[in-house]
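In the two complexes that follow, subunit A is the common piece, with subunit B as its partner first and subunit C second.
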Partner chain A sequence: MENNYIIDLKNVSKIFDDETIAVDDFNLYVRKGEFVTFLGPSGCGKSTTLRMIAGFEFPSKGSILLNGKDISNVPPNKRPINMVFQRYALFPHLDVYENIAFGLRLKRIPVLKTDKQGNKVLEIDKKKIKELKSEYKLIQRNKHLDEAEKSEKLNGLQSQIDYLKANPVESYNYVKLSEKEIDNKVARALKIVDLEALEDRDISTLSGGQQQRVAIARAIVNEPEILLLDEPLGALDLKMRKEMQIELKEMHKKLGITFIYVTHDQEEALTMSDTIVIMKDGVIQQIGTPKKIYDEPKNAFVADFIGESNIYNGTIVGDKKVRFLDHNFDCEDEFQLNEKVDVVVRPEDVIISEKGGMIEGVIDNKIFKGVNYQYVIMIGKNELLLKSTKDYEVGTKVGLNIEPDGIHIMKKDFLVNIYTDAWIDKNNHVMIDDSPFDCDVTQLLAGSTLDEEGYLVSADKAHKYDLKDADVVAEIAKDKIEIIDDIESEEAQIVGSIVDSIYIGDHYRYIVRTENEEDFVLDSQYSYNLDDKVGLKVNKEDIKLRLKKEVSVYEI
Partner chain B sequence: MKFRFQRKFLCIPYWLFLVLFVVVPIFFIVFYAFTDGSGHFTWDAVVEFFTTNNKLNVLVQSLLFSTLNTILCLAIGYPISYLLANKKYNTKYVLVLLFVMPMWINFVLRTGATRDVLSWLGINGGTHPYVATMIGLVYNYLPFVILPLYTTMLKLDQSQIEAASDLGCNRIQVFTKSIIPQSIPGIVSAAQMVFMPTMSSYVIPETLSEGKIVLFGNSIYLGFANNQWNSSSFMAIIMLIIIGISMLATRNFSEKDSGKGGTAW
Partner chain C sequence: MVKKIFAYSYIYFILLLMYVPIFVLIVFSFTNATYIGTWNGFSFDLYGKLFQSEEIMIALGNTVIIAIISAFVSTVLGTLGAIGGFYSKKKSRAALETINQIPVVNAEIVMALSLVVMFVFVGNVIFRGANLFSFWTLLAGHVVLSAPFVYLNVKPKLQQMDPSLYEAALDLGCSPSRALRQAVLPEIIPGVISGFMLAVTLSLDDFIITAFTRGSGLLSGEGNIETLSTLVQAKIKKGPIPAEMRPLTTIIFIIVLLVVLFISLNRNKNVSRGALRRKKLRERA
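For the complex of A and B:
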């Protein structure tokens, strides 16, 4: 392999219990010595990905290459990768020294086997064959791989096994590290984490920060090629966390090991990483340097997750011109004319002045933040968050300017909800996610009407159609779905819980997920909390239908 | 003076209980152990115990039975509780109940039934007293091992197990270096639940060996039944001392992880 990727994840997916997709088609390569952070809200699959790299989970699909070699199904103890666990996972029955020496005591150093004359002894590598065979069985049992990929992998393994069986190779004796070597290595690791004096202490007598350091020492003492860190600072208080962030970064520089770091704290990710991978629902949203992700978020989710931001609905009104907040702004991105877009403006990119500006607003709220003030400004019914060192009173009318490079335009990720597996029931309702919605089926055939028995009659009265069980594609624009608070009421056609919300200027964008895992994306003025149970209502005329088959199929 | 209720009065019932059911009985045991029939101080019981082969034999035999029973129960109970506590193999608490249920059936009845089943299988108390007694002991004390071990196993720290394999342990090493050390509190309390009760067990050896095997408990009972109060009292003291020693020996483990693991029992 000509590239210097230390680890390369190719189309990796992880499916739990045959249904829950934790990680979906994950592609990422990491260069040697890089500090990569997986960032995302809880449940986004970042930890699962890390655990697949560590070897605690095996990917359902795809492969993980370490230095170009497939390690997808290699158990964790055979990987040159060590992990720092979220709750440290230190061994309470061992003291600090023995905790750190744990990996070293298990380590066996290969020593070339020679006969009495000093010649190399050639033997069939039975151990390796055994390992390959168990890997073979594991792949054989995997239900998620498609047949082609499976047989390709199996054939590869089989030919490796056959080769090893036929060709004796230099064999090795495996010897333990000596006590002295272990001693030296532990001492060095303790020095790196600044814990020299504590080697005889019991784990239970250490503070959280000290336990954290022991956990790091225990991992790095094995000199892994990759160090995995699973939210290692989550259990520390703020001050301690900041200190450890700096120390970890230092350690990374000093050791030169590749770090893969998992966190849900965007600030931590921004300060420490060379590369950030933002994930949501098992899917990578964006990969890039911290600066790039902050300055050029790819979509509204990334913009909302990384840093504070104002997000608005905009329309492209000309060459490098975008309209939002009732004003045409110059911008740097080129999009199609009249395209609906999401516009992101960072609070620090808005310039405030009393003399007037491109747009005007009234200060609605002001919070002193130490270095600056944070204002909420009402522009019409839109809110704008901005930070400034200047001091204004609440209620002041101010002018606002935004430079072209402060406006980030992103393709709208979502306009309409499309349900491809909807169908019409006998009452001419459209069934979406097993719930009936009142709809206008006459739109399926231009000029048609419904007769008393509920059959569709064509415009010239010559044909009659029975649409019962007809498969249709239903579309509902996201601003046409209404939230009903009372889930018991008749108006609520379907009930689900809010799984996602983003604030966009003057309204929220929610994703409501039903029990059957169908998602409804919608806009609403009102604020709801995550996990709130809500009912949804859609007006009859707002459901657009399209038959999957020709209408003539349903003629009677 | 008017009576005023003080909080410390609340401990009076417990104090009374302690005196009546702990201090006084122990006092009587000690009193009888070092006196003769007419109430005069004597070392007779002590001398008799340590010079009679018969009684020392019973002590050694009881210790052997207890040790073997503890080892067998742990050897059988440990894998069972590991599987029961593992969600991969067992998702229902019912299975755990099935293993523990025999505990709730009347002890004497159960032992009688065991005797009949064993003699039906050809392991007659008359011909195979040792085997029959051992089977009876293991069967009776297995639930006492499974429950504390099960509660400990439920609390196994999965990330410690993963850490062990991450640091280079293969499956067997994970077991010996992480799972066993983590379950030590459970093992200790399980052993405590089996070892001493076995020594003093009376019904099981009596019923299953048809009186051929005499454990310490039987011996004490026989003594009292034959009006040898003084020597039996001294044997009871020996028993107390052994309990005390075993408690001291295992104190380290239970102290370190108090509240963790099998101490729920």
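For the complex of A and C:
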């Protein structure tokens, strides 16, 4: 039954300025009382989705249902939904008490209108008609709806308006809450967030954590059906953030309200949520419980974004057997023979020993993390991240074992080549597989430019960033890589040999492997033989980059 | 040390150039000598003459009426413009700001002349040769002069404000217009007030635009509207500055001084009336 869902987003899309697609065909239902988190890198559309649920943006396509009723075009002040803003947005001219009471003072309680004999008074609901009419106009102006959908919606509204005009209904007087009621509610909200002593304080005298609590109290005092939280802990320091995570989770349990939470912090999402929605470029990548998403990521992006992981290119070499790191491992997933796959191994699933194992490597790096050590192991030219409580010296030769249930295999998404360990060199080239590629680093920060010294300058000219050695994820679409026959020519940015070729209808799909065993998947019209040495060329504008850390880390 | 010397020399320089002449003016408003420099003994004669001079009183009245009305209109326009610009898209905001910037840096004479040309043109073409020059053209001139300054005074207050305040108010149940009044306006009100004060000052001592755009009306009746600046200008064409202007400027200076003192003394007072009300409420319960 659909009635179990408090909010239901159906094929919701948001297009800005007729061109930028912020959210693309978003489908999600949320059960009453659930804690849902939208997780993704900045610019992935998670905040836009939240703002559509709040009512600050209206969807260009699709609909949002609240308890089964379409609220897509209802303004925010008419929705039983409240939001905690990223920078709290408290009213500085009011004290703590008045900030929390703000929503209550605007609230009107409907009281049934009766005549002197106590009979109900029937009136035509003019207010509702007015609301429907404004919604009608809004839909009429929407350029993104197709004609059929538009006329269907408009007809529906028109018949509602006609019905209301013809049928008088019970009418209500709207009365304010009394000071006493407001006082009781505010006192209760202050108690929930532990701020009883501060009700007379000015907002400017509060610490970040206290302001955060006021913002939460101001939202929950209105008893919303859904509480929206837009990166509410982003401005707090680490310790405060951990504390607030636990408190928010407890508050959620106590209040029983549905929470929709937006963050780019994967750890926050894992610890707090019942359900995580991972987004990238306006598209949902995966929906699931934290455990499911961690253990069974759907694609390399999710695996890379959630938790720490080792991701390798693998090939299925037999029944439940996969080859990566030059070894054939047993695994639990079944795939077609010779299929190219992504393999995810979580650092805690690798068992290290000095006695040798399935594969051997040398410890390259060691960091003491308190509960355990984090090692980076070089296996040939591949890196492997693992965690262990045992203490080994750097340089030790170790053996590694991976159990079948520690290997997660994902169907390879052949649309783009993703290089998760790329970095930017001092000439603003992106280093993929130790070869420099000309790229446009200004895409890492919207509106930015490069100055003469090669530093990235933000759009408002206020910040400068030195991207040297910045770790990035580089993506190159498979149809953007060109094969250069002459490997000595300057055009060839990287050289490799063809290790795989499949004929697909009208073109070949090649996998070009470099000396360092990095693979480039590409499409080409021309025929080459296996083991041919070829050069590869990628145009500057076809390399998509994403920073692994926040851009602010590189500010100078 | 050098910085200190700079700071002090600036202060003394300003004191010398600004306050000494005012001080001299005030002192010489208390004697009945026609020329500054001769001291005929202490008297309030000039103050008496000032209030008896119909000419000056009419000019003063006109000046104050124009200043208050034009400041009010430009404050409303400038504030709405700043809010509108702040919530607009980047491109339209940039366009608005450039348009707003031009009257600020433009020479006043250019503005005055172009207004005259426009009023004559509109009068000839649209109103078939009617003379438009009146209080209304004068008001339009003063609003054009001061509205951009109000905009520039309100803008920084909007930029300091958390941009989500408006949305937060909507989220808590405000209608859009109420959200502007209850969430945005309290944040920018200092800018609005200082914009209003600036508009009053600009209008009070404006000469060029006044001289070009005025017509008949207000307290001057059938004659051209005379303000303090046009009156003084007319007087000094024929002879010395009228002695009654000395007590008048003294009075204006003292009023301004009192206003400034009042504002700076009240700036940091913050009485939480809400807290008191709640205390009473709970005592009753």
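Everything that follows uses one rule, which is that the second predicted complex is superposed on the first by the 412 of 556 C-alpha atoms of A that agree within 3 Å, B and C clash if a C-alpha of one lies under 4 Å from a C-alpha of the other, contacts with A are read in each partner's own complex, and residues count from 1 in each chain.
The rule we apply is simple: a contact is a pair of C-beta atoms (placed from the backbone, for glycine too) under 8 Å apart; a residue touches a chain by one contact, two chains touch by 3 or more.
The structure presented is a predicted model; accordingly, all values stated were derived computationally and were not measured.
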| item | value |
| --- | --- |
| Combined model on subunit A: subunit C and subunit B, fit or clash | clash |
| Touched partner set for A:95, first subunit B, second subunit C, both or neither | second |
| Subunit B versus subunit C as contact partner of A:180, first or second or both or neither | second |
| Contacts of A:106 with subunit B and subunit C, given as first, second, both or neither | both |
| Contact breadth on subunit A, by residue count: subunit C or subunit B | C |
| First, second, both or neither for A:200, with subunit B first and subunit C second | second |
| Touched partner set for A:519, first subunit B, second subunit C, both or neither | neither |
| Subunit C-contacting residues of subunit A that also contact subunit B | 54-56, 75-77, 81-83, 85-87, 89-93, 102-103, 106-107, 218-219, 222 |
| Subunit C residues touching subunit A - in the complex, by the definition given at the top | 162, 164-165, 167-176, 178-179, 182-183, 186-187, 270, 272, 274-275, 278, 281-282, 285 |
| Touching residues on subunit A, where the partner in the complex is subunit C | 54-56, 75-77, 81-83, 85-95, 97-98, 102-103, 106-107, 179-180, 183, 199-200, 202, 218-219, 222 |
| Contact footprint of subunit B on subunit A as seen in their complex | 54-56, 75-77, 81-83, 85-87, 89-93, 102-103, 106-107, 204, 218-219, 222 |
| Of subunit B, residues touching subunit A in the complex | 157, 159-160, 162-170, 173, 177-178, 181-182, 184, 256-257 |
